[in-house]
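Next up: some structures, all given as structure tokens.
Okay, so chain A shows up in both of these, paired with chain B first and chain C after.
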Partner chain A sequence: MLKILKYSFFDLMRSRWSYVYFAFYLLLGIVLLFLNNDLSKAVITLMNVIIVLVPLIGTIFGVMYYYNSKEFTELLLAQPLKRSSIFLGQYLGVAVSLSMSLILGLGIPFVVYGLFKSNAIWDFSLLLITGTFLTLIFTALAFNIALTNENKIKGFGYAILLWLFLAIIYDGLFLMSLILFEDYPLDKLSLIGTMLNPIDLSRTLILLKLDISALLGYTGAVFKKFFGTNFGLIVSFIMLTTWVVLPVLRIIFKSKKKDF
Partner chain B sequence: MKNLLLFFAAILMAYSTYAQNIEVCSTCAISTLKKAISVVKDFDTVLVKKGTYKEHNILIDKPLTIIGENYPVIDGELKGEIITIVSDNVTIDGLFIINVGTSYTEDYAAIRVRKSKNFVIQNLVLEKLFFGIYLEKSRDGKVFHNKIIGDAVEEYNSGNGIQLWYSKNIEIEHNFVQHVRDGIYLEFSDDCLIKNNVSAENLRYGLHFMFSNNDIYQDNLFEKNGAGVAVMFSKKIKMLNNTFKENWGTASYGMLLKEINDAEIRGNTFEENTIGINIEGSNRIVYKNNDFINNGWAIKVRGACYTNSFVENNFLYNSFDISYNSKINDNVFDKNYWTSYTGYDLNKDGIGDVPYRPVKLFSYIVNRTPETIILSRSLFIDIIDFSEKVSPVFTPDNLLDNNPLTKRITW
Partner chain C sequence: MVSIENLHKKFNKNIVLSGVDLNISEGGIFAILGPNGSGKTTLIKSILGMVIPNKGTIKVQGEHIKNSSSYRHKIDYLPQIANFPNNLKVKELIKMIKDLRGDTNEDQRLIELFTLQPFLDKKLGNLSGGTKQKVNLVLTFMFDSPLIILDEPTTGLDPISLIRLKDLIQAEKAKGKTILITSHIMSFVEEVSDEIVFLLEGQIYFKGSISELKNKTNQPDFEHAIASILT
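The block that comes next holds the complex of A and B.
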């Protein structure tokens, strides 16, 4: 598996897209810092960008990579290799190279600007951790879609739909159901609703940092426990890990059964 | 000039020969404060040496000065009120008063001033108290440089740090009050000046006004209180250059205004409060040059607020700038700086060319269903906020800042 991971990784490192992705984050980081002149403000803006953009790029890139390397995959399948290690290797290759572009692309301008001397370092590391988790989750979801759909167009369609659903439509439905059931106690429902969507989950992590004063304005014991203590942070991280593990398990399961 | 000085010196000499000093210490002839007060003449000075004096119900019924040396301890042993002043011209300085009795029928205080004039209460340290300094139907006094540290846990069995009741023209300066019910409480008290105080971690309010008019409070710091300052049913109050910080919680406000008319709120800083200012039934108030930084809601308008003007304030990084619960607006917003303003300034005069709408649709939704707060900063919310901005349906459509500034205002 490690060998395949290494191969996928270096293959991607040589590819143009990784550089474009890396350059994009580098530029974003530099521009934000240049325009804001304020590290913590730049971190806040980045958080907003990352929770939308990282999933989109993760899904598209994951699907694209799978379809592009299909012939090579078939070649590998003919060798005496475990199927799970082939697909996991490819998955990790994509996810790790994407995360690296993200971490380096954003990390370099911020470190140069003087991150280690500022108190925004915790917020920034939270940002990078969340970004990495989102990459892992959405690349895994993309592989799932690609494995299930032979048709490229269909696969891309589903991938974009998935992103659209989780990034925007889900919140719309969520909001509507909250307003619809406003006569009932909703704090548990709203927290569960958040847990079920990795983008929302990352957003709450950011909310914990930015909007804590507004969040505490709501009367509800569950909310208070969740947002007022470290409980929220811990639960969110556990849920994010679950969100990585489940799709990866499905990749293994699916790849074993699939007929090539 | 020299003659004048001589004249004052002469008066001072005469005064000091007239007024006598009496010392109180545990080994002296006079070993209790009560006894000292009973023997001294008017305008004498009682000097209390370092030590512990277990006394309560000390009644000061003649004009005199009590000075503590190195903070002597007056221990009330939780038996009731400790010092009661019923005479004019009393000065109390440098005592350490502890263990005021708690009662559910009477407001026991560490020091109570009753129907007196020209008193000075300064440099005291009060601990383990029920009520701290209680001014009752008194006037023209000074409460200066005291430190009041309570241990209040529940609102119903705790008292206030400094309480004024039907008092007039009192100056409260440089006091430090924490862990009591209300830090400073004014009821039916007019023409008072509250300046340079620190009121922190109190159960209810840092400062509380009820039916008090023409008061000024300035340069105070209110931090981590149940709610910073509550101003209720009062007229013509000036609130200048105060700082309201980290008042967090479900019913927490930096400032709570209820039935306030003709007030002036200028130069204050509201930072990291759940709600910066909560306004209800308040009219003709001028808000100028205030900073609202990182609050949940900078200003929450609950209703029945007319002809208020919000001019030249900075609204920086608040989750919500303004929240309204009705569609009618009679208040003026002009020349403020809003960090969430996204317009442009083509002629570069420092005023944005597109008006700013401070009330977002999302704040309307959160007012209706508070749980939806969990969706803030979602892309979907941004989209509906944008569509509401283009054509307001749920928010007051004439609530606009027509001249939003493009740079933070400094003054």
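The block that comes next holds the complex of A and C.
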């Protein structure tokens, strides 16, 4: 698996897109720091961008890489290699190179600006950790979609729909359900609802860490009581890990049964 | 060498193989023939584990291939259409496959044989179909495996390379290897193969030598014998 990971990783490192992605984050980091002139504020703005953009890029890249490397995959399948290691290697190749672009692209300007001397370092680290989780989650979901759809157009369509659903539609449905059932106690339901969507979960985690939960009013207080504690933090990370593990398991399962 | 029992495979509703029983003994050249869509490639890909059969068992050198990958060390496979990662150089591809399968020095000799030296630093995406097929041949023949599977090996080759390929196949046969070939070029099949396996509608219609086929169909030459099966 490590060999496949290595080849996929270098293959991606060679492609122009990794650099574009890296350069984009580099630019974003520099511009935000320049405009905000303050690390903590830059982190907040960055969060809004990352929460939406990282899943989108992860999804698109994952689907694109899978379809583009079909030939490579077929070549590997005839070799004495396990299917699970072929696909996990490719998946990790994509996910790791995307995460690296994210971490380096944002990390460099922040470190240069003096991150290590400021107290925003924990907030910033949390941002990068959730960003990496989101990359792992959405690349895995993208691979799942690509594995089950031979048709590229369909695969891309479903991938975009998935992103749209989790990034935007889910929130809408969630809010509507809160309004609809406002007569009932909803704190548990809204907690669970947040946990079930990795994007919402990441957003809440960062918001609460940034100590601006006062803006969220009553729900903020409930959330703070839960996510603010160590227990909440651990549960959140377990949920994020579950979001990675389940799609990855399905990649292994699906790839074993697929015809090439 | 390879034994297949009651192999069934369908893609959605399209039944491709319906109960193939086949025993391929060790040593010799076997040609798998059949009209388009008769399941030749599916059969080969089943042996390679790329296609998962719905029913039936396949054994390679006595070993069940289900859920195994190490048996592919015993197989060299030449895919039908040489599709390679386009942004890789020829040199890098050869190095990569060696890294994945184990080291060999045969590649140097094969590169010379097919005069591929000028292309080593070119990207695979920029090569012509014939040159790609030569690279494909190098990748297949550079390992010393007891079973060689060639899916349409003659595609795109010029006459000189074709002669070299035939020599190469004969040399491997002389080493006692088993070689499976599919091809639509009947003259090529007639020239190289010891035995033919004819697939028709997902089943084995005929297995035996070419002269047996001629006798069975009462036709003087091979091409007509094949044609008479199909009409």
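Here, the second predicted complex is superposed on the first by the 244 of 260 C-alpha atoms of A that agree within 3 Å, B and C clash if a C-alpha of one lies under 4 Å from a C-alpha of the other, contacts with A are read in each partner's own complex, and residues count from 1 in each chain.
Keep in mind that, in the parts below, contacts are C-beta pairs under 8 Å (C-beta built on N, C-alpha and C of every residue); 3 or more make two chains touch, one makes a residue touch a chain.
What you see is a predicted model; the values in this text were computed from it and never measured.
Visitor: With both complexes superposed on chain A, which partner does A:I153 reach: first (chain B), second (chain C), both or neither?
Guide: After superposing on A, A:I153 lies clear of both chain B and chain C.
Visitor: Touching A:F72 in the superposition: chain B (first), chain C (second), both, neither?
Guide: Second partner only, chain C.
Visitor: Touch test for A:L81: chain B only (first), chain C only (second), both, or neither?
Guide: After superposing on A, A:L81 lies in contact with chain C but is clear of chain B.
Visitor: Which chain, chain B or chain C, is in touch with more residues of chain A?
Guide: Partner touching more chain A residues in the overlay: B.
Visitor: Should A:L2 be classified as contacting the first partner (chain B), the second (chain C), both, or neither?
Guide: So A:L2 meets neither chain B nor chain C here.
Visitor: Let me test your reading of the model: by the given contact rule, A:K258 touches which partner, first (chain B), second (chain C), both or neither?
Guide: In the superposed model, A:K258 contacts chain C only, not chain B.
Visitor: For A:T204, select first, second, both or neither according to whether it touches chain B, chain C, the two together, or no partner.
Guide: After superposition on chain A, A:T204 lies in contact with chain B alone.
Visitor: Quick one: which bits of chain C touch chain A in the complex? Just the residue numbers, please.
Guide: Interface residues on chain C, with respect to chain A: 11, 45, 48-52, 67, 69-73, 75, 77, 79, 83-88, 96-97, 99-101.
Visitor: Which residues, counting only chain A, touch chain C once they are in their complex?
Guide: 3, 7, 11, 14-15, 69-72, 74-83, 256-260
Visitor: Sort out for me which residues of chain B touch chain A in the complex.
Guide: 248-250, 252, 272-275, 294-297, 317, 319-320, 365, 368-381, 383
Visitor: Can you check the complex and tell me which residues of chain A touch chain B?
Guide: Of all residues in chain A, those touching chain B are 41, 44, 48, 52, 167-169, 171-172, 174-175, 178-179, 182, 186-187, 189-191, 193-194, 200, 203-204, 206-207, 210-220, 223-224.
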